[in-house]
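Look for chain A in each of the two complexes below; its partner is chain B in the first and chain C in the second.
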Partner chain A sequence: MNLTLKVWRQQDAKAAGKFVSYQVQGVTPDMSFLEMLDLLNEDLQTRGEAPVVFEHDCREGICGSCGFLINGVAHGGHRGTTVCQLSMRFFKDGDSLTLEPWRAKAFPVLRDLAVDRSAFDRIIQAGGFISAPTGGAPDANAILVPKNDAERAFDAAACIGCGACVAACPNAAAMLFTSAKITHLNSLPQGQPQRDQRTLDMVAAMSDEDFGSCTNHGECEAVCPKEIPIEFIGRMNRDLIHATLHRRGD
Partner chain B sequence: MLESKIPSGPIEKKWEKARFDMKLVNPANRRKHRVIIVGSGLAGAAAAASLGQQGYNVDCFSFHDSPRRAHSIAAQGGINAAKNYRNDGDSIFRLFYDTVKGGDFRAREANVYRLAEISVNIIDQCVAQGVPFAREYGGLLDTRSFGGVQVSRTFYARGQTGQQLLLGAYQALEEQIAAGTVRMHTRSEMLDLVVVNGRARGIITRNLVTGEIESHCADVVVLGTGGYGNVFYLSTNAKGSNTTAIWRAHRRGALFGNPCFTQIHPTCIPVSNENQSKLTLMSESLRNDGRVWVPKKKGDTRAPGSIPEDERDYYLERRYPSFGNLVPRDVASRNAKEVCDEGRGVGPGGMGVYLDFADAIKRLTEPVVREKYGNLFDMYEEITGENAYKVPMRIFPAVHYTMGGLWVDYQLMSSIPGLFVAGEANFSDHGANRLGASALMQGLADGYFILPYTLPNYIASSSLEKVDTSHPAFAAVKEEVQQRVAKMVNIRGKRTVDSIHKELGKMMWNNCGMARSEAGLRENLARIPELRHEFWTNVNIIGGGEEFNQSLEKAGRVADFLELAELMCLDALQRAESCGGHFRVESQTPDGEALRDDDHFSYVSAWEWQGENADWVLHQEPLAFEHVHLAQRSYK
Partner chain C sequence: MTESAVATKAAPNRLLALWSSVIGKKVVMALTGAILVGFVIAHMVGNIKIFNGPVEINAYSRFLREVGYPELGYGQLLWIVRIVLLISVVLHITAATQLTIMNRKARPIGYESKKDVETTWAALTMRWGGVLLAVFIVFHLFHFTAGMVGFQPGQFEHLMVYQNVVAGFQVVPIALFYILAMCALCLHLDHGIWSGLQTLGWVTTDNTKSLRTISRLIAIVIFAGFISVPISVLAGWVR
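The block that comes next holds the complex of A and B.
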């Protein structure tokens, strides 16, 4: 099949960007979306033009490197799928697709479809961990974790940090990302000693970056490739109230 | 030159003795010592976090935008530990035994024993960090079985164990970054090693956004930069995984151990199209419940459901009744290749075998199978469009892991003093074949529990002269790196980097893949230098060195693969025996199993670089087996 792509091209963080149209020919249904872009890039380079910069690494939906908007939808809108796992069999000959980077103040564009997501790392630095210096851990089975808590912790820990939630949110909020890590760690017995401090610090770090706040649109949940539920934002808010009150009581 | 520094004494006391003999650094002095760690996967992140906690001044480098992206994240199945929580006969000695045997007697006993010993601490450490391992209803940890063993010792977090372990290490690392003990350099790729007066003292990096070439100095350098499976172009590795860091170190004097030992994983989704960019693994854990088969008849194109039971060949169960579908990876892969070569393969092109869950679904019900493997079935459906609950999966072997890597001694130090190598980047623990769920174990053992002892020991026992980046050695290497980048971007030829990489990959897969022959290896040895010449005269890199330039990044990595490939073929040629994943067609038993030649090849090959226009020199480290009796591996 043949496709028309309108791709956001931007030389670097300071340059102005614009959409440029390209034709991609000879796309087959068994290609992945990124393999289709590889094809475009091979063609561009053969013609002496700069290939489109896009981030990717594992190409199996787990590293979180890839992600951009396809016709305005993060990762292309197939439930539970990153753009690297999006198959071309969902597209048809003659389709016209617009590709643009995550749009959020906290994620400045570096080049073309690549953005800087280091704000996520800074949120984790604020409290997204359990302090357990190497060597001092008790026997693994000394800590019992009820199966349901372990399952919820896992559901939250499945986040790959791709940034789709921020890109989809009308407020560019990072609350699904932050709440996923808070839910992961706060659900476990090991996470209890730092529970209040973690919640307060991570929420504060989130506000210090240029992210907005949640107004319950639910767009984040809809595009999350790991299907992290918006319920976790409710849990985070509950833990935040609890931590704030707890602090006042101290 | 090859001093393995294995401590004396009984095997179960060696590590304890080594730790006691090590010199320590006073806590107040630790922050005066700078440590460079390249790579932020399981080995790198675990080492950076642990050394940061101890108080060292750590600089950690990653070519990714965040340390959380390292390819350890993609490991699916699990991590082994000799906890014996199942009461099924496991022990440290058994994990050690299984690993030495699984590696087909080409690993060091002392290293493997230490790995088995440490395995139990790793699970404790990870649970304390909040890694959400699978649990039983009573709250205890769950385990499952993996290939090549008969106990249930694999801990797992659904099919995303690598992700969860890496996030644990990443979070510990981020905590140290916040504490100021670790400085993280993301989007920084190591392009060379700086050696000053015989000791590794720093690295040269390229900032992947601005293109700036930077120098970094330290007392010690650690490489935790992963494996080199992408030399085959198509592999289960992430697209960015590369050999550059270890290859550049090799060119500066670090010996390269067992370069030809590569692992071909038996359960991957078959290649479907010419533009395919990578292969996707289906976790080995699937072989716990899936049954592997092909039609008995050649060229049978009937749908799998309409092939009656007695016309199917469950060839692994038939040939290996005691291990069945859970034979080690090398054996499973080779058998899949054989049945496909016989013309009994399935799917487009006949390059596939079935992995069938019909019996498991009958026995356990679909919801139970879904709970165990749901994400893998989903992934399979996303890629192939087929529902594996209804029709059998089609799988085929693919390049997955490299057991070879930089040669290291028992302390994980390479042949360059001050250069340590951890995880997949070193050659150490898996011999000629790695058992499933052992890579995560080794990466974390190296990072959490070995380097935090051996690195301080090196610092405390060496009198390190004061060196900074103004030393002429830094300027000289930086100049070389700049010239190499400039040379590459100025070739302005006609071929893309990928087209050359694909050509190399095909050559390696055909002649240095699942089966290797003298003729094929010699053919590669003649053709690789030609392809290297083609690269250096005819590659076309658009854009320059001083910008975000992904073609240039790829080009640098492919240039190094073009050198490494030659060494892999040389190594495969000199090792005229079959062992583990290294199958020389000239050396097999009458029934087609790998035939080792212990009289001539019971050694680690360690290759020394002599310069671009000189031949490598082969050193041999003899291997002695005192605890695991040397025997022809049998899984029958």
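The block that comes next holds the complex of A and C.
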């Protein structure tokens, strides 16, 4: 099949960008969306033009590197699917697709469809960890974890930090991401000693970046490739209220 | 350690620390919103007493001033409620304004192709609907509370609620503006009630559908109760 792509091209973070249209020929239904872009890039390079820059790594939907808007929807609008896992069988010959990078002050465009997501790393650095002494691996059942807590922590840990939640949010808020990371560790017994401090520090780090705040539209949940529920945002809020009002003297 | 994390810890007052955080402002919006929803329900229930005739609703307006006696003097409880409502409205609008300014700054370069997939019209109209409601509330106080606008000289009489409402709503543009404002209120509450519960962390993946439905039902009942009065006056059922 043949497609028309309208792609955001931007030389670097400071340059002004614009949309450029390309024809992609010979796309087959068994290709992934990124393989289709590889095809375009091979063609561009053969013609001596700069390839379209997009981030990717595992191409299995688990690393969180890839992501951009396809026709206005982050990751292309198939629930629970990253662009790398999006199959070309969902498209048909003659389709016209617009590819646009994540737009947020906290995620400046580096080049074409690639944005700088290190703001997420700084939120993680503020408290997305547990401080445990290193040494031999502890016994598997030394710390018992209730089934529901383990399930919730696992659901939250599924967040791959792709940034689609920020991209889809009308306010460019990072609350789904931050709440997933906080819920992951705050649900487990190993995360309890630092629970209040973690919540305060990660929310503060989130506020220090240029993200907006949640107005409960639910756009983030709808495009999240790992289907993280906005319920976690409510949990984060509760944990923050508790940490702010009940922390012991310091 | 980030700068604002230090600031949060240094804040001497814990409530102030909550207010200074993004989530704290949202919590303030949810709690003040809950107070305002409670008031709006009570106001609506009071309004539909008009269908019981002038004696009952005019007696109700005196009751609102006499309730609490002898601990409280005439009209004192009403003023306490008014002060709580004023503080709630000021906090609600202040937090909304601060958060909106922050949210606008978070995406300086907008999308060309972005589509909404999940949000509702009610959610998208929260801000401008809220502005319309604020304008309406100011007008409403000058109109039915003070009788300073919308009446012929000498027509408005304090505590004669029935006669004031009938005369007030017989002015068609004022009745239509009232109904328009109630449409905005209905949309505001449809998203607002559920949204407040979500902000406070009471919404789970299991109860979100039913809480959204309850939120919508409350909004519709409040809407129907309020607009029943101007419609009845315009139709001549209440005169």
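What we mean here is this: the second predicted complex is superposed on the first by the 243 of 250 C-alpha atoms of A that agree within 3 Å, B and C clash if a C-alpha of one lies under 4 Å from a C-alpha of the other, contacts with A are read in each partner's own complex, and residues count from 1 in each chain.
FYI, contacts are C-beta pairs under 8 Å (C-beta built on N, C-alpha and C of every residue); 3 or more make two chains touch, one makes a residue touch a chain.
Owing to the predicted nature of the structure, the values given are computational and were not obtained by experimental measurement.
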Quiz item: Regarding the shared-chain residue A:96, is it in contact with chain B (first), chain C (second), both, or neither?
Solution: neither
Quiz item: Which partner, once the models are overlaid, touches more of chain A's residues, chain C or chain B?
Solution: B
Self-check item: Contacts of A:190 with chain B and chain C, given as first, second, both or neither
Solution: first
Quiz item: Is A:19 contacted by the first partner chain B, the second partner chain C, both or neither?
Solution: second
Quiz item: In the superposed arrangement, does A:238 touch chain B (first), chain C (second), both or neither?
Solution: second
Quiz item: Counting only touches as set out at the top, which of chain B and chain C does A:158 meet: first, second, both, neither?
Solution: first
Exercise. Please work out whether A:200 is in contact with chain B alone, chain C alone, both, or neither, and reply first, second, both or neither.
Key: second
Quiz item: So, does A:85 touch the first partner chain B, the second partner chain C, both, or neither?
Solution: first
Exercise. Could you tell me which stretches of chain A are touched by chain B in one complex and by chain C in the other?
Key: 126
Exercise. Would you tell me which residues of chain A are touching chain B in their complex?
Key: 11-12, 28, 30-32, 34-35, 38-39, 42, 44-46, 48-51, 53, 55-65, 80-81, 85, 87, 89, 110-111, 114, 116-118, 120-121, 124-126, 128-141, 143-147, 150, 153-154, 157-158, 160-161, 184-185, 188, 190-191
Practice problem: Can you check the complex and tell me which residues of chain B touch chain A? | Solution: 46, 49-50, 53, 64-69, 71, 73-74, 83, 85, 121, 123-130, 132-141, 157-158, 160, 163-164, 167, 170-172, 174-175, 177-178, 184, 186, 209, 238-240, 272-273, 275-278, 280-281, 378-379, 382-383, 385, 448-449, 452, 496, 498-499, 540, 542-543, 547-548, 550-551
Self-check item: For the chain C and chain A complex, residues of the former touching the latter
Solution: 1-5, 8-9, 14-15, 17-18, 21-27, 99, 102-120, 123-124, 126, 191, 194-195, 198-205, 208
Quiz item: For the complex, which residues does chain A have touching chain C?
Solution: 19, 69, 71-73, 77, 98, 100, 103-106, 126, 168, 170-173, 200-201, 203-208, 210-219, 221-223, 229-231, 233-238, 240-241, 244-245, 250
